[in-house]
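Read the structure below first, then the notes.
Residue numbering begins at 1 within each chain, and the chains themselves are lettered A, B, C and D in the order written.
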Amino acid sequence: MTTKLTNAQIAWRAAQDLPDAAYVNLGIGFPEMVAKFKPKGREVTYHTENGILDFGEAPPAGEEDWDLINAGKKAVTLNPGASFFHHADSFAMVRGGHLDVAVLGAYQVAESGDLANWSTGPGSVPAVGGAMDLVHGAKQVWVITDHVTKKGEPKLVESCTLPLTGVGCVTRVYTSLAVVDVVDKRFVVREKLASISLDDLQAVTGAKLAVGDTIGELNVPEI
Amino acid sequence: MTTKLTNAQIAWRAAQDLPDAAYVNLGIGFPEMVAKFKPKGREVTYHTENGILDFGEAPPAGEEDWDLINAGKKAVTLNPGASFFHHADSFAMVRGGHLDVAVLGAYQVAESGDLANWSTGPGSVPAVGGAMDLVHGAKQVWVITDHVTKKGEPKLVESCTLPLTGVGCVTRVYTSLAVVDVVDKRFVVREKLASISLDDLQAVTGAKLAVGDTIGELNVPEI
Amino acid sequence: MNKIYPTLENALDAVDDGMSVMIGGFGGAGAPIETIHALVERYKRTGSPGRLTVINNNAGNGAVGIAAMIYAGMVARMVCSFPRSSDPKAFTDKYLAGEIELELVPQGTLAERIRAGGAGIPAFYTPSSFGTQIAEGKPVAEFEGRPYVQERWLKADVALIKADLADRKGNLTYRKAARNFSPLMAMAAKTTIVQASRVVEPGGIDPEHVVTPGIFVDRIVEVANPQQEEALLREGAK
Amino acid sequence: MNKIYPTLENALDAVDDGMSVMIGGFGGAGAPIETIHALVERYKRTGSPGRLTVINNNAGNGAVGIAAMIYAGMVARMVCSFPRSSDPKAFTDKYLAGEIELELVPQGTLAERIRAGGAGIPAFYTPSSFGTQIAEGKPVAEFEGRPYVQERWLKADVALIKADLADRKGNLTYRKAARNFSPLMAMAAKTTIVQASRVVEPGGIDPEHVVTPGIFVDRIVEVANPQQEEALLREGAK
């Protein structure tokens, strides 16, 4: 029985909720994996903040065009109907509410929807990129993350202790154990693995978990 | 002896000061005439706020393309090297200080450089167009105008009585009698017709005229 | 994803009473005449959509386009920079009779407010209109010793746009100076409805030449050989 | 009007000590490598221009481009959104040693501030960074019940840009996603210096396809077959 989803499985689960015809921005790194698991038959248009709409998969090794990259500086290809635009137009799409979904990673998510994902505090070089813009504007802001840190500390918390990326911005969290919505400043469990009790889930969560009408089973294929 | 310049002559005089390689916006109506008298050998690029840079003369009658018009809704042509852009980019050029010269008409100009050229007051339909943007941003704002109104009242005044287009924006005025700069909130006469004395010029001017080092003769060909 | 609608009537069912409607075009260049006239026809037939706020640089010319909307009685309020034209009778009569409201906005401020609406910028500062009637009641602030007026974003329920090429994903190009306000309005409206002179396959527009990316467009109707407002006026259209 | 300069050295004589320099590019896409390296060569030869403020999305990668400027010691301050890269040693070492200043700006805010600088908008409001460290000390205002942060325009003395096509009047196109910040920076700098892969006659770029109109460009140098930063890095360039 699955006791914890892999990153690929978390990405798969989030991908199942991508609406047809959606405009989606996938954050650098782990969130990029969501594209791989988009359900067949749904048409999703990907936006990258460096100025491309409707880019496609990575080209074969050796065929990269380094003027055709995504925000993670990885080489991409174009789908028919793609477009290029400058950075101000790109963030007009973001800030102006034109994206349906933004998917981001997280260090911490608070029950208020606050997100911390850009700085682990003093001592390192701070780098924020487009995250502070992406959390405002997209109609839904999803976080995909392990349920706890590598040290086993909760990532879903009452309030973030790390520097914030945005206030009250996260709408849904896909973790290695559960799918949790942020509703009226509370975490509401929508799905959890069958292998974990609600009490055990609560024990590894840093804020009170509420329950909606039902809790679905978090079912993910082997990947 | 010339006692008063015609509109064409005023436009001619202003045109002599167009710098080579300048970007210039000519207001709707009378200011458009300035283009006709651009000295040969100088390359001037005309901007129209509806989104064209480097447009040329009117096409022959019958060959108009009504998708290719200037701000006065007159048909124009393109010079090689022209470009189209949307209205926000067009006014970025205006407001952002990228134009060298804007030439406008006036109801009144005050010695402070205030301009009134958009509304004759209540009772008519107000219409401002791009004038309030053009007076801010262009490096030089020139007014071309008869020295007095049709009723013989001064158009160069201590302070405007008509609704303002902009505050402290006019840098130079070309009138039917003189060329006058606005310097430190004073009118400074640079040129006047030989046929009019400074006293007589002062008599038809609504604010005190200052004099710089010299007053040149306002010499304009028969047109 | 297919944003192509079979008829203007279908596409225009998003327009309802009391809505704010941005209409592309500067003078006749870019005016979506067939779209506007389809809306006027619907109003004459059904009495809806009425009480509209129309946002355009001008306020109609002659008896076609926006002037036809005004004559039909659909327009309660105009937001524009220049409500004059070679034949401004439609607007002028109603305005002087107090039957239509006018919000006069300097042209550059109008463009920037619409862009701000599309770009998620609720307010910005501009030097334009400082010290004039237009600035009365608006916040003023000084930056680096110069005074500026605070202006607010402008959004709309619907934008009606005329494009040259379009694909089913919503990518658009415009013909010459018919571009003007349209790319901004497409960004600032909840529903952007486009009449395109030609619909091409995705990829039929070079990605470097797309002017309005598809994300800003909701509905497209192909209207081949569209009418041109200025040409219509010169032909004496009523 | 001829904005073509014979060499990068000629064109770059506008760059002086202590200036603010916007540099186009996002990662390697759009980085004007030959231009940057000509400036580095001049600095190594003459000790000038030094104490520069560099504005770019990133803060250099490996040992070429902006990283080469940092290694050379020309850069006093970086304004960027993401000073990390696959090999950020040049910046990281100097930053942690306190030898280079950093102003960290969210990417969308950076783009909008540069556009505002070019468009004559001294300040605007954005939701980005509200409630975060980045917003500390900045004015906050509420519009329609939502809080926003006031951000200021960003201008520069010089912009260094890589274009694809250019004509002598300054019109530019860009290759694919090499566009990114460059059209904005061209607007926001006093002097915009462009390396273009190909110079064409005026009219050689379709007026509907011009991305940066010539009014925003001051100096152009043709650099055929330009280097690509990312490709250089992958070849192990030092």
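By our rule, a contact is a pair of C-beta atoms (placed from the backbone, for glycine too) under 8 Å apart; a residue touches a chain by one contact, two chains touch by 3 or more.
In this text the structure is predicted, and so the values were computed from the model without any measurement.
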| item | value |
| --- | --- |
| Co-neighbours of chain D and chain B - touch as defined | C |
| Pair of chains joined by more contacts [C-beta pairs], B-C or A-C | B-C |
| Whole-Å gap separating chain C and chain D, where each centre is the average of the chain's CA atoms | 34 |
| Length of the line joining the C-alpha centres of chain A and chain D, rounded to whole Å | 30 |
| Set of chain D residues in contact with two or more other chains | 112, 115, 119-121, 126-127, 174-176, 207-208, 211 |
| Interface hub residues of chain B, defined as touching at least two other chains | 52, 84-85, 88, 91, 94-95, 136-137 |
| Chain contact graph, described as a line, ring, star, complete graph or other shape | other |
| All touching chain pairs, where touch follows the definition stated at the start | A-C, A-D, B-C, B-D, C-D |
| Partner chain B, residues of chain D touching it in the complex | 1, 115, 117-121, 167-169, 171, 187, 201-203, 205, 207-208, 210, 213-216 |
| Chain A residues touching chain C - in the complex, by the definition given at the top | 20-21, 23, 43, 45, 47, 52-54, 78-85, 88-89, 91-99, 136-137 |
| Interface residues, chain C side, partner chain D - complex | 112, 116, 119-127, 141, 143-144, 146, 148, 152, 173-176, 207-209, 211 |
| List of chain D residues in touch with chain A within their complex | 26-30, 57, 81-86, 88, 91-92, 95-96, 102, 104-112, 114-115, 126-134, 174-184, 211, 228-231 |
| Chain A - residues contacting chain D, complex | 48-52, 65-69, 71, 73, 84-88, 90-91, 94-95, 114, 119, 125-133, 136-137, 163-167 |
